[in-house]
Amino acid sequence: MQLTGNHVVEASPAKVWALLMDTDTLARIVPGVTKLEKIDDTTFKSTLGVKLGPVSAAFNGNLQMENVMEEKGFTLKIQQNSKVGNASAAIEISLTPLEETKTAIAFNGDVKLSGMLATMGQRLIGGVANTLSKQFFSNMEKELLP
Amino acid sequence: MSIRINVTVNGVAFSHEVEPRLLLVNYLRDVLRLTGTHVGCDTSSCGACTIHVNGKATKSCTMLAVQADGCEITTIEGIAPSDDELHPLQEGFRECHGLQCGFCTPGMIMTAADILQNNPNPSEEEIRVGLEGNFCRCTGYHNIVKSVQYAAHKMKEVTV
Amino acid sequence: MSTTHGLIGKSVKRVEDRRFITGHGKYTDDIILPGQTYASFVRSPYAHAKILSVDTNAAASMPGVVAIFTGADVENVNGVPCGWQVNFKNGHHMKEPKHPLLVADKAKHVGDAIAIVIAESQAEAVDAAEAIVVEYEELPAIVDASKAVEDGAPQVHDSAPNNICFDWALGNPIEEVDAAIAASAHVTTLDFVNQRLVPNAIEPRAYNASYDQYNDKYTLYTSTQNPHLIRLLMCAFVLGIPEHRVRVVGPDVGGGFGSKIFHYTEEALLTWCTHKLRRPVKWTSTRSESFLLDAHGRDHITKADMGFDASGNITALRVKTYANLGAYLSTFASCVPSYLHGTLLQGLYTTPKINIDLVAVFTNTTAVDAYRGAGRPEATYLLERLLDLAAHEMNMDPAELRFKNFIPPFDGVTQPGYQTQVALQYDSGNYHGVLEKGLAMLGYEDFRKAQKEAANNGKLLGVGFSTYIEACGIAPSAVVGSLGARAGLYEVGHVRVQPSGKISVYTGAHSHGQGHETTFAQVVADKLGLPMEDVEIVHGDSEAVAFGMGTYGSRSLAVGGSAIIKSLEKVIEKGKKIAAHKFEANPEDVDFVEGRFVVKGTHHSAPFSDIALRAYVPHHYPAGLEPGLDFSSFYDPANFTYPFGCHIAVVEVDKETGKVQLTRFVAVDDVGNIINPMIVEGQIHGGVVQGVGQALFEGAEYDENGQLTNGSYMDYCMPRADDFPMIETASQVTPCPHNPLGVKGAGEAGCIGSTPAVVNAVIDALWSGGHKVKDIRMPLTSERVWRAMQQ
Amino acid sequence: MIPVAFDYQRAVTVDEAIAALSSGDGKILAGGHSLLPAMKLRLNQPAKLVDISKIDALKGIKEEDGEIVIGAGTTHGTIASDDLIKSKLPFFATAAALIGDVQVRNHGTIGGSLAHADPAADWGALVLAADAAIITKGSSGSRRVAAVDFFQGLFTTALEDGEIITEVRIPVPAEGTKTSYQKFSQPASRFAIVGCAIMKKADGKINIAFTGVGEVPFRDSAAESAASIEAAVTAAAEGITVMSDHFASEEYRKHLAKVYLRKALEAVA
């Protein structure tokens, strides 16, 4: 499934970038993260709990950043496994400065589900992705509040 | 953790310790060995597991055995008035060739009994809509509808 | 009910019903054996993935776990075999990659089994299976058969380059067909998909295997359509167990529709496990697993061209098809798109030139095999869609176009059978008859008037036709052998007359809804002039029935029934000898009339029961006369049988939403002689609804990663009671000239004829509203129909 | 299929249920028709179920203080055949009869459905169109949440952890009020692809609500304020994120929303 979106936050690219590069903050803003452990500069081990409607599942896996371009963007590779199926994604995230204190964050990528998640989740996957990305940005905005 | 339940099934009282996760259908099939109630799916869609709980058609795969505590249950094995007689629906299904492989049949009969209980005079359309929660892959439903019509007619005769 | 005569042709109520309507049927999952254990599987969530590791440690120590086996444990066990060999055009054998009982290295479709957990209870087995950790490396998957053959596509099996299992052609030389198409006044071309279906018998597959070590004896209860065939395949080809050590029982089986013909890995694996564990092992598929594992049906991508001369006579048919076989070669997968499909492309028409070019392809999807109709629905769909579309394009009446092209009537007795361009010789047929009858039942002229009126009022009504033929009664062993079948396709009928004159009949056919216990008893009782109550039909147990080939391809009565007739004839012949001895007459002077042995021209006669008793009390027998009245026969048919018919659908299409409502369905079927009209009608009803299911509701949807995205009843749309009107059926009888009952088979007819009729009706409705649409992809969901109207 | 093992506690009163929920990872079991299938597929693995299906106080339909009060534990089947509902809120009866099948309607409850908040469930559109309030209760007492504030996102409601729905309260419609519920069903699950609920008040003001269309059931204020049926249809479902699946793409779903709005408007015209 294609995941595309755009969001404007009230912060400079530098501030947004710093936030995205900070493990502790990231752990707070990525929806459902219960554990995020930095393995190296670009790799994290993660545990997520997703609770949404019929599904309540624990995911384990990796988050990895590729093509990192300071304050401009990166590709986020996600591999998350659970008992009811796995999710993987490659999402390009790019930051564009709008004004001094505004940044447009665009994301574009592909999400793949497997197993029971793929079988049972097809009607909901779009909505779930939307909901999770909304939560992500709303959490980010909370972090950015002075 | 096990929980004691008391249920009446086909007029007989039972008392068992069951795990909370035990589905009612598995209680009936595996504990009481009433295997006429079948499992055809895992999404509460096909209706093969339909029984009556306190007189109402119920998908027994979507109810825990612990939820049935204190309930009156009727299964296909207990719907006829006696061992030597048939319920008008059972008779209807045989007379009208309302079954082929027989796997969906118990659920069909139990659902149809609920339909007729609430509407002794159903139209063809009402029967068809009433059976929307029961799948049959063999009969094309044509003769099932006729079987229910047969039973409706028969039950009216009996009450008159 | 003690009718003794004229049982043939009577709608006798079914004798098997009593156990089913009271909840006392005995299906495999109903059986619990002493010491029972339960199995659960770890299955690949990926369509294509390397298995890097399988960690069973945590699971092994969980409560109730008896054993865990993985692919490594069965590496030296054979895979399940394919029963039909098809060769490449160049003569090479088709590719037959191993279908292992558990995969060790690479998963090739979602649901491929990685490990089996056996535990004391089902819940414990499921809990432990969930605790097994498998590490995968996901590989790119291929789903689409026409893309799978392209260079660079992901490879399902290393041994099958470009994912090709085999390529194959049949019919007239392609140059001749190309030339005939090129010379045609009109060519109708259709690019279409005959989509993949999930069989969905309501009883999920179930197996219970046990081993008695003290007698070295296995028993396998299996939800199968053919217990003997499973025993043969499993013993001889997979496990290497002597067949006499294995009893296979197919008890009551909750529908098959083809999906329970095949030898599945779980049957062999459970049998292997029970030997290891010395305890019975049971597994019942969940519906979610059924969606991923039960062999699917259809899945063809086709381009077809049909040429016509200026007056509408068909000049040629050219077909190019990619058949998706899924990840593994299932038991009969290879013959379905080839010999059960290509050979039916003559249809009912005199088409002089036909060629089919087929490529059978592996993909990372569930295996595809015979599903009600098996190849013949695909052929019928192709022909009947082309015919109706051609009629629209040439502005001709679709019924007229068919009449113009029908093969003239022939009875196969005084007139020869009809030799097609695609290998078969039809036995007997009267194709005009069924269409005439169908048109009369429909009230064709009135319908066309109503349709016009409706169109003027902004309503879209449509009628669709389908005149089909199928090849049933599978089949002459010599013929199928020459086409690559690895088994004979005869049937066994054993008649045991008990001393009291009661009859036990053992048939190798298996009933899973078809009503053999009734129909076969009718045949036997009628032939012997006995009440039906005196006859029992035994089937489904390899220990009781000497041998058998099972039920599929609408063959039970045509082949299995004929085998019983052969044995009954032997019984009567022997009975005459015994009667002759009793009356001191010549055997040639004894007749068997209405259940009595009669000495011609005398008043001497004895009822069947008297002779039966004498057969077992052989006092004062002459030399050479053996006691007993017990005969077995193998019947190998002389030809396939060829049922045919005419199906007509009437639909209303909602202009605003595209929703299709089937308002009428007329089915006129000619299945030869009819033993029990009630049962035949029931078969037609069920088949029609299944076929309409394909047209309007059903279809497996895979995403590009090989995930089945509608693998549950919440998304895979099953036909339901309120989707249908009453079905209007009628029959025509053109007896089969080459089997003793004159029967042709009725199990698949409904499913073969109905699908194109409904699609044609929707297309017709759209044309009536000015939407000149060639094709809408099945199933015809509301959105697809609505989109077609937006163009 | 077998759920993961869990603890089970049956509550006989609402307070008992709330107390049971306050400890541990508990979920409420009402009719069970949303939760149990997910648990059987192991998509959901709660540690504890609190069974509220035997709480009599949650059942029944009555008129009280100018409101129709539907207990959260009332089944769809009861609502479909209730005389008060049929006379005062006929579209509730229509909608209830279209949920699931006979067996599901015998057990599934309005409260369970609302709490689950499936974006394609029927009740969302109904409670929105009827200006209903959802009454919840938790350890800190009762709350009255207007339907428009109840649905907050995909499967997300104003219900807080430890709270249960006790009642749905609908102002008794004035004489002359007309209602309609028009549904286009997903053919397999028979959930709504589009469900359009309309309440036309005696003064002519129209409430329009949709379910199945977006990620959340919603009141369509643009359509409500339109001057004509035509204008309402044109405005309907514009500017919202429309769902898409293999039964109905975004474009087709939006089209259906308009078609079904027209049907509903014509029904109350």
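General remarks:
Which chain is which? They are A, B, C and D, in the order written, and residues in each are numbered from 1.
The rule is short, and it goes like this: contacts are C-beta pairs under 8 Å (C-beta built on N, C-alpha and C of every residue); 3 or more make two chains touch, one makes a residue touch a chain.
Nothing here was measured: the structure is a model prediction, and the numbers come from that model.
When each chain is reduced to the mean of its CA atoms, the one lying nearest the mean of all protein CA atoms is C.
Comparing the chain pairs C-D and B-D, the larger number of C-beta pairs in contact belongs to B-D.
Averaging C-alpha coordinates per chain places the centre of chain C 44 Å away from that of chain D. Inter-chain spacing, taken between the CA centroids of chain A and chain B, is 48 Å. Remark: chain B and chain C have CA centroids separated by 30 Å (rounded to whole angstrom). For chain C, the set of residues that touch two or more other chains comprises 123, 130, 286, 288, 701, 709-710, 712-715, 718.
Annotation for chain B: residues touching 2 or more other chains are 19, 21, 42-43, 45, 132, 134. Touching of two or more other chains is recorded for residues 83, 116, 120, 122-123 of chain A. Interface note: chains touch in the pairs A-C, A-D, B-C, B-D, C-D. Note for the complex: chain C touches chain D at residues 122-123, 126-127, 130, 286, 288, 656-657, 659, 697, 701, 709-710, 713-718, 781-783, 786-787.
Chain D meets chain C in the complex at residues 1-2, 4-5, 41-42, 184, 187-189, 246-249, 252, 255-256, 259. Against chain B, the residues of chain D that register as touching in their complex are 1-8, 10, 29, 32-33, 36-37, 40-41, 49, 51, 53, 77, 81, 100-104, 106-107, 189-190.
Residue ranges on chain B touching chain C, taken from their complex, read 19, 21, 29-30, 33-43, 45-46, 48, 75-77, 80, 86, 90, 93-95, 97, 99-106, 109, 124-125, 127-129, 131-132, 134-145. On the side of chain B, the complex with chain D involves touching residues 1, 3, 19-21, 23, 26, 42-45, 47, 50, 56-59, 61-64, 66-67, 69, 111, 114-115, 118, 130, 132-134.
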